[in-house]
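Each of the next two complexes has chain A plus one more chain, namely chain B in the first and chain C in the second.
And then the complex of A and B:
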């Protein structure tokens, strides 16, 4: 490349130094990349890596309920934290995951709101201090974050707030992890609709049968109404998910292997 | 090397500790701060500007001479589309104001700039049932917590620095008609709250929670026949039936949905270690369905803050038939009588009478009308019990041959009362009470009704009407020793905001027309007024910061008057809504000139 000519040795050193840290351009070409990188990753080291899987449909049929799967298992490194965000949402942050045990995969499936066509990213902080980034683009008609929740039109949630269902899907074979899916009744209001204050689950904790935490999560209002959260675990007989919303309401439910 | 290396380490640690401690300007609110609130002028950490509720400040920089120079320094909008009645009294601690707004919102504001620090918006279900607008009357402060009650009858503790929920407790079921609009009070680490809902046949109660954890400590029902409870180490134990047993002052099962809601909260007197909570109307409004005194409705209760025991009670309107809630604040004060100090307490009731009680035992000292017209009672007997005028009670629908509507009567005061929730003030300098009152009457009639959970439980129809063309509202200066009205200020619209008095010889009050006004405490002469842009139904406060005296009031028209307006409506229907905190102080030049 031109810039590697000896005459520009100094420039080469500088630019290579930057490329290691903060210089790599966004392969998805998002206009918000520089701003959000600074906000979420600061000056930390990062690299784009296809082993961080972000699964999305190509088009958001329902922009208030877009299924997303994040999976950093293929990195095969210890994961400290996973950040999930959507570049062009008015509230970018969706969730932060803190895996606390090797009995839970560094992965999450959930449904999110998207306000317009956007890049959805997962940034995985490995134990060595490097962020590994995956992302996908989704097309959308828009409005997912500023449309009133169904709860705003239907008082059903008032008498069912925090009702939870959990289900454990048994593994196909002993080597494969088992999947646990939880669903909770909650409006997850973004605060962006006139006259409806933000009201969302902001903390979650997944525990085993001995109340040992497997994963801690911080959630933001772009997680869809009536959140559905799926985890992949291994060697855990019972699971319990605890939730707390920004109004101080707490909810929990458990699931056990061999039952539903 | 090792040693030398360690010494700076220690020094740094010590420095960090020192810095954390010197964050003392951001110190937590203690029991002592709250008990001494009236005397400490640099903060406002209790509803009533002191737990006795006198709303009297010893500050003098703003006085009859300087008040003309009072200027707004900032105005803070609550924003949103939720501009309804703003009945809050702000609190101030360490340069931060904590103020509530309609729809169970809380704001923290930097006093120096008027900038918002945080806000908390409770997400309310659509099914909330506030009878009289979606108002809130303010927070309590304790430790690093901001405590308040919500329209869905929850008690919420927020972190004072972040506005995040620390704990939240369900006080009662909003679907049964309960809500909370009053400011809680904190006494010796306990946060104490009442409940609203008297129009829905709820059962009133007073409850205490551990302010730091939210753990419930005791619960005291305010209707005869209901069991009280205390909690010790999380264990719930019976603490005696209120009034001893059911059926003494209520017929049949009527006590089970007897009302007596404690919707205005209470005051506390450290001298006697008593809480004073008022109780609302008995349910339903139709008194013919519940012959008897209907204890403890329309009463003042003295409650032991340690266990919730009712120490004494004084019922202002036995067998109420006019919606004369007895919730109005009971303000403790001392006065001299023949060389003796009388430990008294005073209240201006919805029913039109002003009462002076012995606050140690609830004995009646004296009482007198404070409004111009009372149709339901001739006066008070020597125990303070009203001497009824029988034809002043709406007729029994059972006496009417056809239809279910009893005979209608013209009655004064109206159901909104000679004085409603808006707190009066007591000046330690003039010895006068400054009472925001209203001159209005009603036509009222009774109907049959039966109790259904969550439905209005009135059994009455009514319409409200002014008694005078020129005014409804009257701010009165009343001598509690003689009953004399020393001066009055008449206001066209009904008064619905609280009063503040100061050692500077001033009385502050807002009116629905939007003016914050200051009067000479001795003469009643209006010394100052400023239009805040919307009706004032909140309570003003004053405090000192960086050597300057501030005054704040919340502006935002609403409350019960526009909802139940009747003929009064035409005096208020042009008033526009709002939701703004106005903060005032003297310009430096004016203050210097006055020295």
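And then the complex of A and C:
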């Protein structure tokens, strides 16, 4: 009997570990968790993991422009895909990332609209078929998705649609990534405002100087008006970001290292 | 049973809301005829009912002149009662310094006085007032009951305003919200700076037309001779220290946002920036930095993406 105890303890410990990780209930206690898990992850294996970093301010000062950073670098596993969503938005999906090269970090910074206080999540699909989940709660007075874009009241965007700016910022030290930032003029209309149809950028591709894709992205209307996308890259001389909206308009711009 | 339920109700409700929504307003004499009701150095909460703002009144033989009316109808009514404990003269003139809700939503309690504001302040109140009041309901709750936007009656077009033996100067500025009033009492030397000056409480930037515009206003105020400066938030000061703190903070904020954008930092990274130890005693520093990054950082980012840094860059970043 005594000899069995260590094995029993080990089994108990293992099952506790599993209860907190794989198949566990939502540590953020969101009412939408079960529904969205089924929708986005199906019956796949998943676990909550703090190494999937989701960064948000504690409150949404402007619910139409909430800064979100997601970063799966600390997982240190090959990443197939990253899903980003907000549990309590009328349109939950924000973006899906497909990192295609080790010269780009499995990470993205952007700004999103939130309709009310919500959990924002990143689900990272590793090469072994397991989803690793990170998330964070944000407080908000609300209204970000059903507020008309500023562009809806201002004809400026019509003559500037798709204008892009970008810059490749050098790393502060050799072991740190380069930061590539891109901004594009686009209303990113959600279709949830009366009389303003859905109009948003739905595809993006980050390429190097040889047109090799470093990352592919699928975007949804909760990405904020005039999107600002930030990537972390390593050892690239030139980058190009290509975009296409749901009306078929294509936009692109390039940035180069040490150009300034 | 009923008594027991009542007791539970009292125990639950009283600690949460204070004794029956009592703001506990106690005016303090700061100069001849001049009384200050000082707000808490806090953010809006159900605990403080929005009493985070300074309100000043002049109690003269001709009646009372009031500068700002507070965040709610209840506040206005309690302010009126507090004034009544000091003088039996009526409130004759009310000034709304600017269109932020904590400064004018007490207007309803002064319906029989003439309410004055800069023309652009009145326009902003008419446009945004209901939304601002609704937002404040969400933040402080039932303290707001019965509060509605009461617009000013008269536009300030003049610079001189003499009342009750006080020579007053009305100063039209822009830095905080695009239309901001300061008032100098030349008789007592008291300068009511409104929200152009914050003291020991981090300043707020949701409608500022730009840090450069705000700094220009401070330069103008600095040249005015005064004996006591009353900021919109925080304690009064007998010297320039409140004004200097506001200016230093604005310069620090401008530089932080510019350098962050030039280094390619994201908004979340800028919000996490190290705070300057010079402002250690300033309340709500992190909270207001997060808000200010949200308000102001996009224009700094855009500049960092479009124009390379050069000698003219600093100046442009201000405007």
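One rule holds for everything that comes next: the second predicted complex is superposed on the first by the 236 of 260 C-alpha atoms of A that agree within 3 Å, B and C clash if a C-alpha of one lies under 4 Å from a C-alpha of the other, contacts with A are read in each partner's own complex, and residues count from 1 in each chain.
Keep in mind that, in the parts below, contacts are C-beta pairs under 8 Å (C-beta built on N, C-alpha and C of every residue); 3 or more make two chains touch, one makes a residue touch a chain.
Bear in mind the structure is a predicted one, so any value in this text is a computation, not a measurement.
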| item | value |
| --- | --- |
| Chain A: partner with more touched residues, chain B or chain C | C |
| First, second, both or neither for A:140, with chain B first and chain C second | neither |
| Partner chain in contact with A:67 - chain B first, chain C second, else both or neither | second |
| Which superposed partner A:119 touches (first chain B, second chain C, both, neither) | neither |
| Chain B/chain C common contact set on chain A | none |
| In the complex with chain A, residue positions of chain B that touch it | 80-82, 105, 121-123, 125-127, 156, 164-168, 175 |
| Chain B partner contacts - residues on chain A that touch it in the complex | 155, 157-159, 187, 189, 191, 194-199, 246-249 |
| Touching residues on chain C, where the partner in the complex is chain A | 135, 138, 206, 263-269, 271, 290-291, 294-295, 298, 301-302, 304-306, 308-309 |
| Of all residues in chain A, those that touch chain C in their complex | 55-59, 61-62, 65, 67-69, 109, 111, 141, 165-167, 169, 172, 179, 181, 183, 228, 230, 260 |
